[in-house]
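Heads up, there are several structures right after this.
Heads up, the next two complexes both have chain A, just with different partners, chain B and then chain C.
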Partner chain A sequence: MQTTFQHQGAGLRLQKEMMTAWYARQEQAVQTKLPIAYVFIGGSPNELLRNFGYELAFPEINALQCGIKKAAGPNIIRAEDFGYSSDVCGYVKNDIGLMLNDYQSPQGRLAKPDFLVCNASGCATYLKWWEALAQHFAVPLFVLDVPYVQGDEIPAEEIEYVEAQIHELIELLERQTGQALDMARLKTDLAYAAQTEERWSQLLDLATHHPSPFDSYFEAVFFMANINIFRGTKEAVTYYDEVLKELKERIDHGVGPIPQEKVRVVVEGPPPWPHFRSFWELFKPWGVVCVASTYSKVGGLWDQGFRHDPSRPIRSMAEGMLHAYCNWSLPKRQALIRSYIDHFDADALVIHSVKSCRSFSVGQADLREYFHHEAKVPTLFVESDLADPRYFSHAQLRNRIDAFFESLEHRKLARGGAGGGP
Partner chain B sequence: MRQWKEEDPQRRVVGYFPVFAPRELIEGAGAFPLGLHGGGQQVELMFADSRMQSFVCSISRTTLELGLIGNLDLLDAMFFTNICDVARNLSGVWCRNFPQQQTIFLHLPMHPPGETTLRYLVKEFGRAHRTIATIAGNGHGTEPLHVAIAAGNRNRLLQAQLEQTHRSEPWNLSLPALYLLRRMGSQMTLAQHNQLLADALGRLQHSTVRPRDGIRVIVEGAFCEQPPLELLELLEESGCYVVGDDLARGLRPESAPIELAQGGDPLEALARWYTFASGTQSVRHAPPQQREDYLFGQIEAASAQGVIFLNAKFCEPALYDYVVFKNALERQGKIPFMTLEFEEKQSTFENLRMQVETFVESILFT
Partner chain C sequence: MYYAGVDVGSTTTKAAILDVNRALLGTSLLATGADVTLAGQRAFDRAVAAAEIEPHDVTMIIGTGYGRYKVTFGHAQITEISCHAKGASFLFPNTRTLLDIGGQDTKAIRIGVGGEVLEFVMNDKCAAGTGRFLDASAQVLDIPLEDLGTTGLRARAPIKLSNVCTVFVESEILSHTARGRPTEDIVGGVHKAIASRSVALLRRVGIEEEVTFTGGVSRNVGMQRAIEEALGTSLNVSELSQHMGAIGAALFALERSEGKHVSPGVQVST
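On to the complex of A and B.
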């Protein structure tokens, strides 16, 4: 066994460098004449847009960053003053709020779009969001509509429909930029994408270890940034190599994200970004470690075996777009969570329901019914929001979380397991 | 309906959730299309509350409740489309809770109209048609589709005529009456509905209600969850003639007919109609300018003096489009508007009445 740590923090340092450079490119985009394409995370056509010289920007990530840096509240209120209801998605309102404030954000001034690609995989709100931006900026909008995946067999016409739209997008990009698609580069980038996906899947699977070397919710949501933003680049591959070393080193030392892992959970639903740290703190005293989460699959379900394939570039991109978590039907989501519980040897399921995101949350209460009553998996259901700081009730959440893990601990003790809450 | 079904064990009923369901497709596959528009004020939530959070629209919860209390056990299948994330996910909840029914989910294209969209939709419609025809034990022949499309075209025509009458003589055909005639379409076949509409048109020729003072308004936003009838009555009692609306939008398709040549492919004709001629809807992608043009088109066609936004609480498609509409009206600065929010199970209206009366007065006296 190793006695010294050599790799801890390496991933974080590299990620910071990559993100800082990415934000700097966006901030200087006007001066450097770097065209900016706005895309969504789930099944985004990263490799294709870079092929035509676009830098990518993800307003969802901006919303997340504003949330975590406690800047979302004023943005949301600005959007509500503009006419948005208190009942619609806070991510959208955060972005509209930024737009109305000339994109001033904690990351500096964010780039405005030159091109909007609405890769609509898994959320109907995406369309309304990009429609609003298209109107405000008067820039081209391309809607890449991705059918909802229902069964295990995806009908051929649905894949063909996405594929045909990708071809249309390529034609549009060729017209817009005056450049032809560089197929050799696309294949190279898709090969990087596949390598990244492979490493990311290996990383997620490390949580099968006892104790898990990382938290697959509270930490994985940061690890996932690189596959979502930089997928299709060599740097993304290098990043995951570094993180894998770091996590394997933790395994060698038998350490995990908290001093002692007592309860292993699967988490369904996005984090409450504006209260991220305090939410995590509510679980830590109970020794809770998340070993699999669904939120870390919103960009793509690569852990389920899907890979981009340079030998089938367009087809595999189309397939990838279909397999974003929120684009999977509830029965498929239910089966996936069930498989996570078994594969990662979890004791319980935590469902975090957020008001903003109907795409995630409608059906979660029914999932609770299934897991609690039929699958007999102890299930905790808590509610707040992923963007709007006003919906986080600390005391109420603490009561529910404490009550749940206390009762779970009693059950474990009764079965002879480890115990010891706060 | 239950009795009708029991009379012949071969009969099959396919329920459909708003907004749009191709009734022609369901009838043309040999099943009866039963439109569900929530539980209105009739249903007390006992079970659905534990399966749907409180921030979700009422129609999704009451529809689920109707299923959970056994009111919909006559359905052989339930049809959903991708109008919004709520309806989309409700299809999955349906699938788990009602395994004896077939849940059919149709992903209507959001990519702009064109050959890609059309090619895809022909196949999607084909798949849905085969599924329903199999449930109905009806073979996959297309002749019944021809018949249903012809009935659907006549339905469009009759509805357009009724609306024309309503627009030109709203005192002779009130909004609640027009609306109920439309809603009846969800409970009968296209042919039966046509008969009802034709009778109504005939009777209207002899109607001589005296006009009263009223401002002409259009109502936007209640395309899916439906307001209580009292609310529609209230609008007229408060001095409005509602001469344009998008209530129960799916039951009032665009008047352009489905063009189907002799011997043509009915699925292709239906898909072509939906792709190119089914109009702007909040639950379908459209460039913002198109949405504004739609609103101003509605205002112009109805010679409306004002707009009342009637948004269902928690209905995201309506609430997002409201921003587009409101800002367009404010920029234009000529047409006054007001905004109301409703829930299908609402039972007190006095506040709303006061708001509408104030709105009417502001138009009459400025």
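On to the complex of A and C.
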């Protein structure tokens, strides 16, 4: 069969185009009088804020962009010089460092906030971050108190509690902007959100193929930017149509993210953005492909069936805020990872623990114990940081990663199975 | 036909030569220094000389240790975790748990019947409780490193150290010497602190007898005693403990040459 590819690279190319335009809108926000709302990724009320004319800015995404483009280190040091402790979240310190440098970033000059919405109450540090910005810029801060999801069923009163807060947010937005909520537009945008969520879930499920057509950690973290930033727009729906074409084309040709898939893993924890490429390179020699990751669910757990619903606009937004990965309790996260290992036919679990992130890292040592000793899933535990380049020790990470996959391969070979090593 | 393992560690570099019957013909040990590649080459040359063979008689060479990717004259690289497990199983076939304390790392490894690694954990990124900690302690107490073990054995009332941080140990030891605590009690306390931390690491993989102790620190008799007391069981310790990684690497080289293909590792790309 002649190998002809028509869609390869579309996911990254289109994402870059959309993000470049988005950053350009932010850079020109003062001139165009475009109000900027700072929000967090997990359960963000995108559709509601756009309804009132706000452009969204995600300082978490700014931080990861600074990480990848090697700017996070100087920003973090600037924040530490200012007085922030070395233990404070790398994302927070990156943003404070940006603020102290008049928001000069590799993406250009970032927009300052006109309004802050703290929608991620699963992380107490995040609230303090937004409080610092609110004080510095003297702009309003709206705090959503989103209960932590404990059991299988979320009690109705907890959903109603969030729903009531969204109504309060709408009232505030109406007072701030002098505009009434455009319910027709909200329903249209929520329909786009649901279509995006459906496509994103289809995309993630393609990793059940052998070989997986994509890496659900090292590639999915790029594909996920569009659902987090542009969810609730037609462009986001179109974007995922294009990515699905790209990945289905890979399936048709039997290709994946690396030449030969040998080990399938589930990955827990955020990537070390300042060393993203070199971290991936440590796994490639062993033929490791990630088939499911928890980090790609920080915006929302749409793969678990949740959808925004235009027929229940406010209530479904409330449900969406509850169903972000970092808002789930440890037992629920553990059960989710277990289901990923089974559903995606994974051989092992990799936990990348992040030194400065309590929201992710608390409980990861328990996850390791459970998976390795009770579930009998070989588990690798490595540590660095999501933004601070100083915590990435290449030689030590390589030693742990090599030793883990080496022993996995050794056991496979000793059992008479196919070898996994290069 | 001969087989070599070269273990380039953070502090010392070791090499071992085996013949086809798995007989150990020669070993070497030298300080790694700044030039890692040169250290590997020198260790190999010295082991070859000790074995009284020619370098070209060595069929396969496997590099291990932190500097394994710098063993550019080798045929493949395997981590010291796998190599120590292999070497320990060769010298002590009933080994099920392995404690390796090197210059910068402490590793606890659970080993299968065939010498394969079932699970391993390592110390945190800092060198707390490793060979470097003992180095720092010996230095501040002004006693030779090789005398640390026997000094610790003479302890009557070992001190309690509040932490095993290699950086802070100096001031903590100085405060004990200032209070007039005998040197042997301070060294005994240092050994107990490392032993306690090492046993905690071993518990994470599960302690199953027999337990073998390897790495440079295993040469310290005071450490052996402290760990045995903390564990409540005796340890396998060999004269060749420091060479365990190199021996394991040489065994992997031999297995590969035999076409068993049961050895893991990354091939050197040329």
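By our rule, the second predicted complex is superposed on the first by the 414 of 422 C-alpha atoms of A that agree within 3 Å, B and C clash if a C-alpha of one lies under 4 Å from a C-alpha of the other, contacts with A are read in each partner's own complex, and residues count from 1 in each chain.
Operating definition for what follows: contacts are C-beta pairs under 8 Å (C-beta built on N, C-alpha and C of every residue); 3 or more make two chains touch, one makes a residue touch a chain.
The structure presented is a predicted model; accordingly, all values stated were derived computationally and were not measured.
When the two complexes are overlaid on their common chain A, residue A:R358 makes contact with chain B while staying clear of chain C. After overlaying the two complexes on the shared chain, residue contacts for A:D309 are found with neither chain B nor chain C. By the document's definition of touching, neither partner reaches A:E198: not chain B, not chain C.
Contact with chain B, but none with chain C, is seen for A:Q135 once the two complexes are overlaid on the shared chain. Touch criterion met: A:Y161 reaches chain B, while chain C stays clear of it. By the document's definition of touching, of the two partners only chain B reaches A:C123; chain C does not. In the superposition on chain A, no contact is made by A:E235 with either chain B or chain C. Between chain B and chain C, it is B that contacts the larger number of residues in chain A.
In the superposed pair of complexes, A:D345 makes contact with neither chain B nor chain C. Judged by the touch definition given at the top, the superposed model places A:E80 against neither chain B nor chain C.
Residues 383 of chain A are contacted both by chain B in one complex and by chain C in the other. Chain contact summary for the complex, chain B toward chain A: residues 50-53, 55-56, 60, 82-86, 88-93, 95-97, 105, 107, 109-112, 116, 119-120, 123-124, 127, 283, 285-289, 291, 311, 313-314, 316-317, 319-324, 326-327. Against chain C, in their complex, chain A makes its touches with residues 285, 372-373, 381, 383, 391, 393, 395-396, 399-400, 402-407, 409-411, 413-414, 419, 421-422. Chain contact summary for the complex, chain C toward chain A: residues 66, 77-82, 112, 114, 116-122, 124-125, 206, 261-267. On chain A, the positions that touch chain B within their shared complex are 82-85, 87-89, 92, 120, 123-125, 127-128, 131-132, 134-135, 141, 143-145, 147-148, 150, 155, 157-158, 160-161, 164-165, 168, 329-331, 333-334, 353, 355, 358-359, 361-366, 369-370, 383.
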